[in-house]
Structures are given as C-alpha cells and as structure tokens.
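What follows is subunit A paired twice: with subunit B in the first complex and subunit C in the second.
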Partner chain A sequence: MAPNVSYHCPCLSDSTVPPPPHHLSSSSSFHPLHELFFCEECDAIRCNTCVSVEVSGYYCPNCLFEVPSASVRAEKNRRVLPYLCARNCFLCPCCRNTLSVVPSDPPETDDGRTLPVSAVGEPPFFLYCNYCRWDSAEVDITFEKPTGLAGTCTAQLQKFEDSAPDSLEFERLKEHFEPFLLRAGATSSLNPTTSAHSHHHVNPVTAAASSALARDIPGVAKYTPAQSTSGRRSKGARDEMPEYKARVDASSSKGAGLGGEPDVEFMRRLETVSEVASLEQRWSSSWAVSLRLSDIKPLRMPLHSRKSKRCPSCRHILIKPEQKAQSVRYKIKLVAANYIPAITVSMPAVAERRATLNGQATASAAEASLIQAGRSYPFHLALTNPLYDPVQVRLQVQRQLPAGAPRGADDEGTEKARRPPFAVTLPNTAFPIAAFAEAWEYEDDEDMLDDDEFGPERGAREKDARKNKTVGVLERRANVTIVGGEVLIGKDARGELKFNMLVSYTYRSDDPLAEDDVKATPSRRNVPEMKTFSFCTIVSLGTIVPREESRSVNVDL
Partner chain B sequence: MDPPIYYSTAEFIETDTGNKVSRRANISGPQNIILGGKTIIASGAIIRGDLKRAGPGHSVVISLGRYCLVSEGCIVRPPYKTYRGTFNYYPVKIGDHVHIGANTVVEAATIGNYVEIGKNCVIGKFTIIKDCARVADGTVVPPNTVVPALSSFAGSPGRFVGDLPESTQEVVEARTKQHYGRFQPMER
Partner chain C sequence: MSTVPVTPRHARQPSASVHVATPASRVPSGSMVHASPHYQTTRRHSLYGTEDRVVIDPGSRIWKVGFSGEGRPRDVFLVDSLWGLSRAAEIADREEEDRLLEIYVRAQLRSVFHDILLTDPKSRKVILVEHPLLPVYVKDTFARVLFGNMQVPSISFAPSHLLSLLSVGRITGLVLDCGNLESTALPIFSARPLFPQLRTTPLAGARLTAHLRALLLLFGTYLPPPTSLSGSASIPAATRSTRVPQEVLTDAVIEDIKTRCCFVGDPLDASADMQILGTPSEDPMDLDLPPSERAPSESDFSRVSHDLDSTAASSGFSVVSRSQVGLARNESHLEALANMYKRHSTATDLQLKVTPPATQQTGTGLGTLVIPGWVRERGAEVLFEGGDIDETSVAETILDSLLKVPVDLRRTLACSILITGGTAMLPGFIQRLHSELLRAIASSASSAGRPPMRPDRPRPPAYDRYAVLRPLVPHLAVLNNPSPPPPTGTRGNAQTGKAPAFAPATMPWVGGSLAGSLKTGGVELSREKWDEAAEEERQSAREDASEDMQRRVIRNVLPDWTRMPLPSGAPPVTRAPAPVHIPETAAVGA
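Showing the complex of A and B:
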C-alpha cells in the first residue's frame, strides 16, 4: 500500500490517546481526512461511527424517483413494503442486475449479445436480465403492456408475498398478540414512572411469551426477574395468554422451501445442481423462499436514502443534503478538511526506486518490498493549511506504550514486541504554514520561500544546506509546507512501518480586524487570541522486508 | 507531492485549451468529438467519433469535459440500438473531472462530473453514471444500468457496494487537477 496518513476520532474509547498502531483497534479508530466531520460547537473531530444519522429522503437507485418520507411512512401502515420502488424497477433474482422490459419479438440478436430492446413491441412483455439472460416468463410473470408494470408486477409479487405461508403465519401471530400488545401499551402509558425507573419491570408481553415458551418447550426455564414483586404483578397477564395454534404444521407443510417432505422429495429427484436456488438468491427475502430455481421471483428494487448527520454530543447538524434529486450539494457540510491541515506522506528514496523499476509513478506491489530492515530512510510530510490565517504547527511522535498497561517482569518477548522496532525523528520545533488563498498563482515557487528567520546571506546558505537536510522544513510554497523526517529501522524489524503522530497547530481564533479598521483606530489593534488545536494521526510508510528476504529482492532487481 | 509524470513532446499534441492528446491514440471522426480543455487522451486509446447517427453533416458524437483522462488502451464508443426497426448510434456525453482507467471500454450514454472509473471495466451501452460516482477496477456494468450520484459500484455484474463520502467532489476535483499538473513534457 502507498504511504498514507489517517486521522484519529477518539469516539471509540474514553481516552484521547489513540491505540498503538499494532493494536487491532487501531484500524477502526483512524479514518481518511475526507471522511471526517468537524463540530465547531464542540471544537472536535467527528466520524461516521459517532455521528447520529437521520434519513432526509428516499429515492430509487434505478429510476431515481424521489419518494417522500411521508409516503414511505404512509405505505408502512398499508401493508405494502415501503422501502421498495413501486415503479418499473426490478432486480434479477439470479444476479441482482436491473431487469429490462422486453417484448416477445423473435429473438433477432444482432451480434449475439443483447436482444434489441423494444424493436417492434409484440406483447406479451416480460422482464429480462441482459447480464445472465434470466427472464420472467420462466416464472410465469408477463405483461400485456410495457408500461405500468408497477401495478401488474407489484400486485403479482405482493399477492405472492401475502400468500406465502410465512407471511400468513406472521399475520396470524400478530392477531394473536394484538390484545397483549395493546394492554402493554396501556400499562406503560398508565404507569410511566414504573417502567422508566424499575429495571426489573416485566411488561405483560414478555411475561406471556416467556410463560408460553416454558409451557411449549420442556426444559426452558421461565424468565423470572430478580425482584419477586414485579413477578407477582404480571402474574395475571401471563395466565390470560391462550395457546397459539400454528396455521401449518411445519412437518407436514405442502409448500416447498419450508423444509419437510416436499423439499426432501425435490432433492431426491434432482438432476442438476443448477435446479437449486443458491443461498444468495434466497436469503434476502424475509420469508422462506422455494429451493427450486424455477420458482424464484424477480426482486423489487430497494430504495436508497439521503442522510443528514448530527454531532453526537451537541446535536448540531454537520451534514444536511439538498433536497434536489441526485444533487451532490449540501445545505450544511462541516467537514474536517476545512478546519485541520491535510497531511500527505511520501518516501522519496522508495518513490525513486519505484520510478526506475517500472518507469511510471503508479503505485505498484514492488513498492512494498523496497523498505528494508537495518537501514534508515528519509520521509516527507506535506501539510496543507485550509484556514485563511497562517498557522504554526508542531509534530510529535506519540509514544507507543499505553499508560497503565500491566508491565510486570514477564517474558522479554512480549516486551520486545510492544516496543516499535524502529525510531522516528520529526522536526522538533514549530514551523509555519501560510494562509490559504482562493487562487494560488505563483510563477516561481522560489518566491514563496520565507527566509524571515534568517539574515539574507544566511538564508542563501540555508537554501544550499536544505538540499542535504533530512529533518526539518524542506520547502514552503503557497499554503503548503513540506517537512522532512527520518526513520531508522532495526536490524530485526519486520511488519508494518507505522507510527502515531500528534499534530498541534496554533491559529488566531478571533476574527481579525479589517485593515482599514486597524488604521483608523490604532487603539483597537489588540493582540489577537491564539488558540491551539491538537489531533492524532497514524502515519503508514509501508511494509518492512526482513533482512534475509531483502537480500534476495536485491538480487532480483 | 507526487512526482511529475513525464511524457515525450514528440508523442503528445497540446491544444490551445490545454488538451494533451497522444499521437498514438486512435481518434476517428475528430470533427464529431469535443474536448473541454486540460483533458488528456493517452496512447493506445480509441475514440470512435465516426460512429454517428445516420444523416449528413456534423453532429457531436462524443463530448468530454475539462480535466478528464482517457487512459492507455481505453475505448470510448457510442452506444447503439435498433429502435422501430432502425439501427442507430447515440451520442456519449462525459462531464468534467472524469478519469477513466486503462483498458476500460465505455459505451455509456452519460457520465456526470467528478466520476472515477477504474481500469479493465466494461461500461455497458446506455449506462447513466451520475455525479461523484465511482466504479471500481474490473467492474462490468451491464447495459442500461443507472449508477446514482455518490455511489460506489463494483463486481460483475456491477452492483452498488456503498455510499461515498460527502466531500467526494472536492477530493476528485483536487485529484484530477493534480494529475493534469503532474503530466509534464520531457524535453529531449
């Protein structure tokens, strides 16, 4: 993998210090900068794991029709599955490709690849997969007209779904439990304090279900909470639960796919494996689907959602999409990249080797095998300032040993493994990054070199020295500062070369006074307040090749 | 930060608007092709501007926006179908900041802005790819597929595999501009 830098969101632990790089939890605690959000209110980085997500709208990913949330809610009450496209969009039950509506014209294939869609338009029409060539005529779903399939096909599928044994059984269960649910609702609304505060409160439904389970299946103990008082209170409700009689007896069921004799019979007569529908073709349905491939129905298109995101602690909105169909704009978009510096890392020695290897600057597998144990490598960090004010940045390697970890005089091996087998050197003083400006049009990068800290002659000498310098500021242009670091890899090192890096930057926090303002009233030129924000990153440089292997790599090259 | 990608000045023609087209690309019917500017057509790419709707005169067959990249060995070819008994080609419209990986075949109807298509893909006839979508390397997108905005597609057949981050537009814009900046002539 190419060298990269990821950013820490501390939401997964109580500590602000990220886990050491070799811990398994490390990979889930760090994220690419462009996937992170920033809450101005809390002055904190937020990630997709910790933000709270709300659906702000639904759409069909195929016909792109916008389904208002209100109508999704309405359909939920109408026993129609609400999160599916109700228009002409269906998925192939075999390969999940989107199905096309085709007429039953003679199959006049031009080059043997696809049927000419709507060539003449002879009914009946059917749904056809132009990837695996499945068609709905195989399962007796055809249409007289190519339009308005929503009504016909959805009705056909809905009828099928509704008449599925599972679906009928579920309806029956709902009817059976309805009175208990109603009573449960009544109890909790009558007695809200009890249910909120008593941890051991048992609602009548749980009690009834537990009792029924204990009665029907010998050996299953009743769920009895610790407090006997609440148990006594729900006793009445439990006893009122009549026995549930299943609609069909599972062992004697007639429909296929429900287990039992018919499925055994089907498998016994099987001639080819392709007659059996695969697990993948069957498990996306909430009801049991027939084992026979010839029974598999087209799937309706699941809707996609547009999401708003909020800060988990202060509830401020971080992401709010525009309501326009397929828009990639946002009404609110507070992303971390607009607040904290972007950092990229490269290893010039490795990049050069790579370039000479394949003559191209594309990332290749060979790159990974170019970092060898027992050597030292310079690396470059390029930091880009997104703020309209200059910032001062300080970098620090974050120590790997977790505080408070048990550190007994146990075996040396563990201790050794915990210690990183390499040493990283970073610039030890703060360095500036210039402010971001809308248009950077610098004819000559050299103009941007800021030699303020040195006298003119010294600046020139510094420039020469810079060519050989490894650690420190290497280059400054526009709002980018490139600093060099160095990594010394131990002789016996192996594995991933990565370390945690703490980044602190200091910026002016108040709105700077306008230039004319300052001139007009010099008294207002007060010292601006400086603020420091710190965040953690993980810098991955690549994989170390152990010594023995690196020798053979050298021979190959 | 990434090093420049050098090309030979003998191989590439640079237009007034900054398009860089390889002499080793196979461009048929150039009068029917529009390049938006700062777009790179790599060596071995095949662009079929000659496959146009029946009838005399020019018409735009293939249009590409700004900061696009058609990589080595790509084929961009107008989709066709027989409608009411007549065979016809239909135009291809590709937006700004679209990168198409090496050896990918494109027969799409429209590709939006800020779209990244990997290498070795097949983008089937009349496919519609919306803004900020991404198609992974080696994906086979069957004909007539719709790839929604900000979605990631992969596999064969190509299917939705996930949503892309809200800042995809900025990321892709920066990446395509950077790529154009890195693409530098090597003086010989």
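Showing the complex of A and C:
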C-alpha cells in the first residue's frame, strides 16, 4: 500500500486523543480528507459516521425521476410500494442489471408480409436483460403498453403486488389480533392499578397496546387439561384467543415453496445447480417462494435519496445538494479540504527503489514498497494550505504507548507488543506555508522563483538539501511546503509502519467584531487575530519486512 | 428503450395468451383490502408516514429490515459474523472486540436507515427483534448506536420467538428457532415467554456449514480446469479428478451449496436399510460432464474417483481427516458412515463451477466441484444426531423444553410447535424434524437408535427419558409443517400445517411488523431514559476519578430477562461485574 495520511474525527467523543494506530478498530476513526466535513460553528471536523443525515429528496437512480417525498410517504395508503420507482425501471432478478422494455416481433401474416407496426412496437411488451438475456416472458409477465407510460406500467406490476399473499395475510392477522388487544385493554382498565384510565378514553388502541403484554395471564388458574378439547373454548372464551384461520396455510399446495414434499423431490432430482434460485433472490420474500430460478420475478428499481448532512452537535447544515436529481452541485458544501491543510506523504528512498526495480521490470508492487527492519528511512510530508492566509504549522508525533503502560511483559510474544519499535523524527519548530492564491496570482512570484529556484542548479540544490538534512523544511513553493522526517526502524520490528501525528496550525482569524470569541473559524479574510486549530492524523508508511524475510523474498523473486 | 432491435425470443408468440393483463382478476383482491373498514382507520394514522416503526431483525449473519405494517422486509442482507458463541479471553482483546462490533453495527445501522429505508432515524421508533440469548453486550451496542449516533426516539426489544408466534396468529406455542449459531426452543404461554424453560443447542446453521465443508473435503471431487481448451476432450474426467483443495471451498461457495443444493431427506430407517440395499441406489444418474465422450455412468465415475482416493491417496486421506477436517474418528468409521448415507440417498450428484485455487492457476476457466448426492441429502443429518448431552439434537431440544414445562401446559404447547429460523428453510427440514420428534419419543425407551455408550457394560435399567411425553404423541403438531403426516384425529393434531405460509426465516420479522402496526410489542426504552442513565453514568464516573473514563458499563436500563427478579435469597445483580472495570493500564501492564 502506498504511504498515505488519514485524518482523525473525534466523532463527538470526549477524548481528543485518537486511538492508538495498532488497534484494528482505530482505522474507522481515520478518514481520507476528501470524506470529511468542517463545521464552522463548532470549529470541528465532522465525518460521515457522526453527521446526522436527512433525506432531502427521492429519485430513481435509473431514470432520474424525482419522486416527491410526500408521495413516497402517502402512496403507502394505496399499497403501491412507495420506495420503488413507479415508472419503467426494473432490475433483472438474476444479475441486477437494468431491464429494458422491448416489444415483441411483428407478427408475420400468411403471405409473409409483416403488418405495419406502430412506432413503439407490437403489443406484448416484456422486460429484457441486455446482460444475461433474462426476459420476463419466461415468467409470464408481459405488458400491453410499452415504455414511457408510468401509470400503465405501475398498474401492470401492481396487480402482482396487490395480490401479494403476504400483505393480505398480514391484514388478516391484524384483524385477528385487534379485537383481542381491545378486550385486553378493556379488562386491564378495570384494574385499579392501571393509571391510564383517562388515557384509555383518548386512544383505546394505545391503552390496549401498553397493557397487552403486561396483563394477567388468562386461563392459567382455571385451565385443566382434561377439559381442554371440549371445554377450552367455552370456558376461557372471553380470555382465550380464538383460533386463527390462515388465509393460505403452510400445508396448502403440499407445502411447495416452504420446503414441503414437492420441494424435496425437486431438490432430489436436481440436475444442475442453476435451476435453483440463489438465496439472495428468494430471501426478501416473507412468503412461501418457489425454489426454481424459472419462477423469479423482475425487481422494481429501489429509489435512492439525496441526503443533506448536518453537524451532530449544532445542527448546522454541512452539505446540501441542489434539489434537482440531475444536478451534481451543492447548495451548501463545507468540506474539510477547504479548511485544513492537505497532507501527502511520500518515501523517496522507497520510491527510488521502486523506480529502479521497475527499470529491471522484475518488481512486484509488494516488493517495491518494502521497508526493511533495522534501517532508517527519510520521508517527505507535503502540506498544502487551502486558506487565503499564510499559516504556521507545527507537527508533533503522538507517542504510541504512553510511558509506563506498555502492553506488558506478560504477553511479550504477541505481535502487538513488538509493534511500536520505531522512532519518528519530525521538525520541532513551526514552519510557514504560504497562502493559497488563484493560479494567476503566482505569475509574478514565478519569475522571481525562476531565478533562484527553478534554475539549472535547482536539482543540485535539492540533492544537497536531501543529503545534508533529512529532517526539516525541504522545499517551499506556492502554498505547498514539503518537510522531511525520518523514521528509524528497530531490528526486529514488523507489521504496519504507522503513527499518529498531531498537526496544529495558526492562522489569522477574521472574526469581524470578535462577537464570538470562543468560536474561531479558519476562513479566508483577514483581521489580525491569531487562532490555532489542531487535528490528528495517522501517517501510514507501509509494511515493515523483517530482515530475514526480506532477504528470502529477494531470493525467491 | 425500444432501440433494442429484435426480440430475443421469436417463438414467444403464445405468451400473449398467458399474459396476465386481466384487470378483472385484481378487483376482488383489491376490494378485499379496501373492504375492511379497519384497514382504513388504522392507515389514517400514518398520514405523515412516520407512524410506522422501523423493524430490525439483526441476526449474527443475516439482517432483515423494514417498516412495521408491511408484510415483508424491505431488505435482507448478509453481514459478517458479528458475534459468535465465544468471546476473547483477554480483557484488552475483548475491548477491541467491543469496539469493532460497535463500529460494524454503526456502519450497518447507518446504511439501514440512510441507504435502505431512506428515512430519518430521529423520527422513527425502532423495534429490535432480539433473540432471547442475544448477549447483553450486543444489545448494549445496538442501544448505544441507535440512541447515541442515530438518535432514534425509542427502541422496543421484542423477543423473536414471541414475534414468530404472532406471525402465525397465536400467542401460545412452543417455538424453535433454528438459526445460524444456535437452535433455541422457547415455550410461550399467552404471550409470556417461559424463559426458564428455554433449551438450546449449538446444532444449527454454522454447524451445518462446518459439517458440509468437512464432508466435501472428504468425499467431494474436484476437477481442475483443463490445462488447454483442446486437451479437455481427450482426458477422461476420472483421471483429472482430485481431492477437493481447501481453498476452493470458500465461505461463499459453501453457503451457496448449503442454500441451493442441500435438502433434508427422510429419516434413516434401519429396517429400510436392507430393502434399499437390494435395489441399485446408484443407478445411472445424469451428470452433465463436459461434452466429452458419453461419460461413463455416474456410478463408475464415482467408483473410479473413489478408488483413486482410497488407494493412491490413502495416506493423504488420513492426514486430511485428522489434521484438516478435525474429525477424530477413524477412516473406516467414516467410510461406513458414508456408505450408509449413500445407501439412503437417491439424490443426484451435482456439479458446481468454482474458482480454482490461486496456487493451481494453470488451467483455463473454472474448476468443477462434484457434490455427491448423499452429501446434499444427508449433510443435515448432523442436526438430528442426538445422544450428546451438551449438543442435543434439534428434536431433543424441543422435547427437553417440553419436559421442563409445567405438566398442565404440555399438551397445549405440544400441539402448537412452531419452527422458525433460516436453517429451517432447508427443504424437508420441518417434516424431518416432525418425524424425528415422534421417533425420539418412541425410541427413548428402547434406545434402539443410539449406540450404547460403553459396550462392555450392560445397559442400565431402561432410562426412559421421554416416557411422560408419550401420551402427547397423538397431539403433537408442528404448526408450519408444509407436508404434514396423516392426521391422528385429535384436535391439537389437526393444527399441523395450519399456520399461514410465511417463510420460517422471516416469521420473526413479520411478527415484529405486526406488533408495530398493532402498536404493541416489547419493552420500550425511550431516549430520555437512556440519556438519563448516560448522565448518571457520567456523574458516577466523575466521582470515581480513578476509573477510566472510556470504560463501558452495560447500562441497566436495558430490558433484560436474565435480570428478572430472582427467587428470594439471591440478590439481584445491578451492575456489570467488577472485572470489567479494570482500567486499561492495569490490564495492559502487569
């Protein structure tokens, strides 16, 4: 893996110290910069796992039709499944590709002429998968009217969904239980301990519900097994629940679709696996469903939503898309990349090595990024300032294990105990990064820079710099500053070479009247007041290869 | 869309006759729905659409999510094994485990709300379908994420077994949930789960998966992809066949085999054994080998490959059986077992295309895995093998639970047994379980079915485990048995197979949806209450400065039946036990 830097989001946790990098769980608190948001109010980084998400619109990902959220909610009453595209968008049940609506072939008359067909094609239309060639005529689903007519198409499929046995059975079950719950509520309201008496008048269902599971157990005292066959009904009639008669019961149609005899026979005689639908194609049905692949139905396209995200603590919007489904722009977009410096890391030694190996055309990527134990490597951090003001940055390595709390002599053998033995050196002092400016503003500077930076001697100078010092500011240009660091790896180190780094930067705040002293915001105008913002990052340099192994690997390849 | 030029099927004209555009047919069903005045009155509640609660049935492997009031979950999806039957021994490791669990649960729940249900969690109450043996730390994690990260208004914890019963229109019954980690039988009377009578066994989906893997490693056949496309015709399949490399049997492949190829055959019958022996059970079954010559009959094929295994690779065989598979039994025993199963199976062998292992990537295309028919049919025998006191068979689990139930409830419960769970979806599982129930009761006296534990010792005086249950046999009824045996005439038995035809795996979810639309179900924990508890916790942590701030304590506002008031004498446990409080530094140092 190439060296990279990820940023820590505290996610509203109390502690500001990021988790130690060697924990497997720590990786979820670090995110690439482009996934992060920045809340100006709270002056804090927010990530995708802590922001609160709101749906700001529904649309079909296939036809980009925007479905008003009112209809997504209300259409439920009409038993049209509202979260599916109500137009022509269907998914192939085999491969989840989008299905297209195709017409039948024009019928040929006896004399070989084809009849004139309408522009849209011949009537029995069906759905066809361009990828796996599944078509809906196989399962007897055809349409009289072609594509484009939202209403007809919905109606066509609606009849399958309307007659869905699960929802009919479900309604029946509800009717079965509701009188019982009411009765239970009525009996419990006689109970003096129930305080919900007044509430009961307001909404009997709620009162019944609250007491439904907490009422007295009916019939326990008077229940006698001898009478159960005849007397159960008469004796406990008030309390006992009447027997539920299923609309379609499990043993009807001999249990086909529920693992009954027909299914067993089908499985026993199975010739090829592909006759059986896979579990994913069957499992969302709550009803008896055929095992056969030839019985699966096309899926309607589930809607997607456009989401806006809010800061979890102050509720300010961090990102909000434009209303139109076709638009890819945002009304509000507070991404962290506009507020905090972008950091990239590279390891010149490893990169050079990779280059030479590439030259020999023998290197695999894995071998190229080898970092061997017992050596020291310089690395470069390039920091890019997104602000219109210059900033002062200070880097600190966070010690991995607090002193006095090593992971124990008792489990020396474990890999974790051996993980940290490497030392990272970074420049101690703060260093500046120039302000971000639009490209044309650099022109003047460039002439100047040309003189002393981009001359023929530039390469030499750089080489000198690299030779002379590996730690410290190596290069400054435009709004990028490259600093060097060094990592010294212990002899028996192994595992991932990564460490936490605290970055603090100081900038001139522009809070206009300092009306809100506490909340400083890095932003792009200037009033001379200095503010500091710090954040944590994890720098991952690669995998350490122990010495013996690396040698053997080299021999192998 | 009409740019697709030709219809892919020309001979499809007759389909016009089958086509289903008869609008008349849907009038009755539609009117049926709307005819119910009740339906409309209750529907009116969801004018703004947030009345319906979110129902989540989080399994250790498969989650089902949707809205209450709907007949089916909106989505069903597979998750990594989130929790298992054991936890890490080290406290530090366990904390890491907790963190990982929380991270994973958070990611899953966020995607459930934001990507699947597309709804705002802050306005939706949640019904969490919980297995009675769901570890409390898992429950705590769910509550933490739902209240902390998602800020839902309330969570109701509803026992999955009770919800399954609701989905078949009952509140009394004995429910067996055969899931992934465990099969758990729980009697429920009048909507009251009788938790102390719960019985459980680890014989369930995960065990079946492991068993299938072992069987396939031993008895499956693997045909590597032909080294060249032309050469495939000349080499007979038998000589190419090898043992199944372990890398071929990835989890996905095993899962695919389990869900698409396996089924449960009729019980093994000792007397039928002889009968079947005479008839050629391995008559030529069609096996679509690659279109080489007319392949030798399947029996030849399997015999050849079998010989190959047992002669050339007999040493390898034992190695495999011991080290890889971990079956500590000896070879002959396995052979005998395989032979017996083979005799009792008429299922066809199947071929499955599998990706060849990375180390053997020499050939072209995919390799072929031949799954013997008897493995497909008899793989699930492992779930019905009783006799082990720690791992009772699924049928014995039901009967044991029935034995613990008060005598006067036994008959009621025996005539309303409900089988739910994903493993119960195997074709033939429920019928088989039904007959196993009958068999276990019948054979507990003679104990003919089980081998004597110590052959040198005379059998102890007949221990008739299920004698008291024998009078219940005519009443025994499995509510959702899809192919019930002929009725015995009792009223209870008539209930067999009368449950609505909901799939066993989704019954808990459907029950949750039903409970949600009836505005009932489970203990409801509101966010205020949770936050209060969080505040208290924070204060006590502040007072107790020595304690690590990040310490996780399971909050006792969580409803938990294991903390039901105990009989007098034992003090109720209010807090998590002390060892969990050890600060990390101490745990780490030492």
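By our rule, the second predicted complex is superposed on the first by the 348 of 557 C-alpha atoms of A that agree within 3 Å, B and C clash if a C-alpha of one lies under 4 Å from a C-alpha of the other, contacts with A are read in each partner's own complex, and residues count from 1 in each chain.
Note that a residue touches a chain if its C-beta (ideal position, glycine included) is under 8 Å from a C-beta of that chain, and two chains touch if they have at least 3 such contacts.
Note that the structure is predicted; figures quoted are calculated from it, not measured.
When the shared chain is aligned, subunit B comes close enough to touch A:Pro61, but subunit C does not.
Counting residues of subunit A touched by each partner, subunit B versus subunit C, the larger count belongs to C.
Legend: residue contacts after superposition of the two complexes on their common chain; A:Asn130 is shown touching both subunit B and subunit C. With both structures placed on the common chain, the touch criterion links A:Phe431 to neither subunit B nor subunit C. Once chain A of one complex is fitted onto chain A of the other, the partner contacts of A:Ser100 extend to both subunit B and subunit C.
Judged by the touch definition given at the top, the superposed model places A:Tyr330 against subunit B, while subunit C stays out of reach.
When the two structures are aligned on the shared chain, A:Glu178 is found in touch with subunit C, with no touch to subunit B. With both structures placed on the common chain, the touch criterion links A:Asn88 to subunit C but leaves subunit B unconnected.
In the superposition on chain A, contact is made by A:Glu169 with subunit C only, not with subunit B.
By the touch criterion stated above, A:Ile319 is placed in contact with subunit B alone, subunit C being left untouched. Looking at subunit A, you'll find residues 100, 120, 130, 304 touch subunit B in one structure and subunit C in the other. Within the complex formed with subunit B, the residues of subunit A that make contact are 34-35, 59, 61-64, 95-98, 100, 110, 114, 116-120, 130-132, 304, 319, 326-328, 330, 333, 335, 337, 344, 346, 351, 355, 360-361, 380, 382, 482.
On the side of subunit B, the complex with subunit A involves touching residues 1-5, 81-85, 114, 124-125, 130-132, 140, 142-146, 148-151, 157, 159-160, 165-171, 182.
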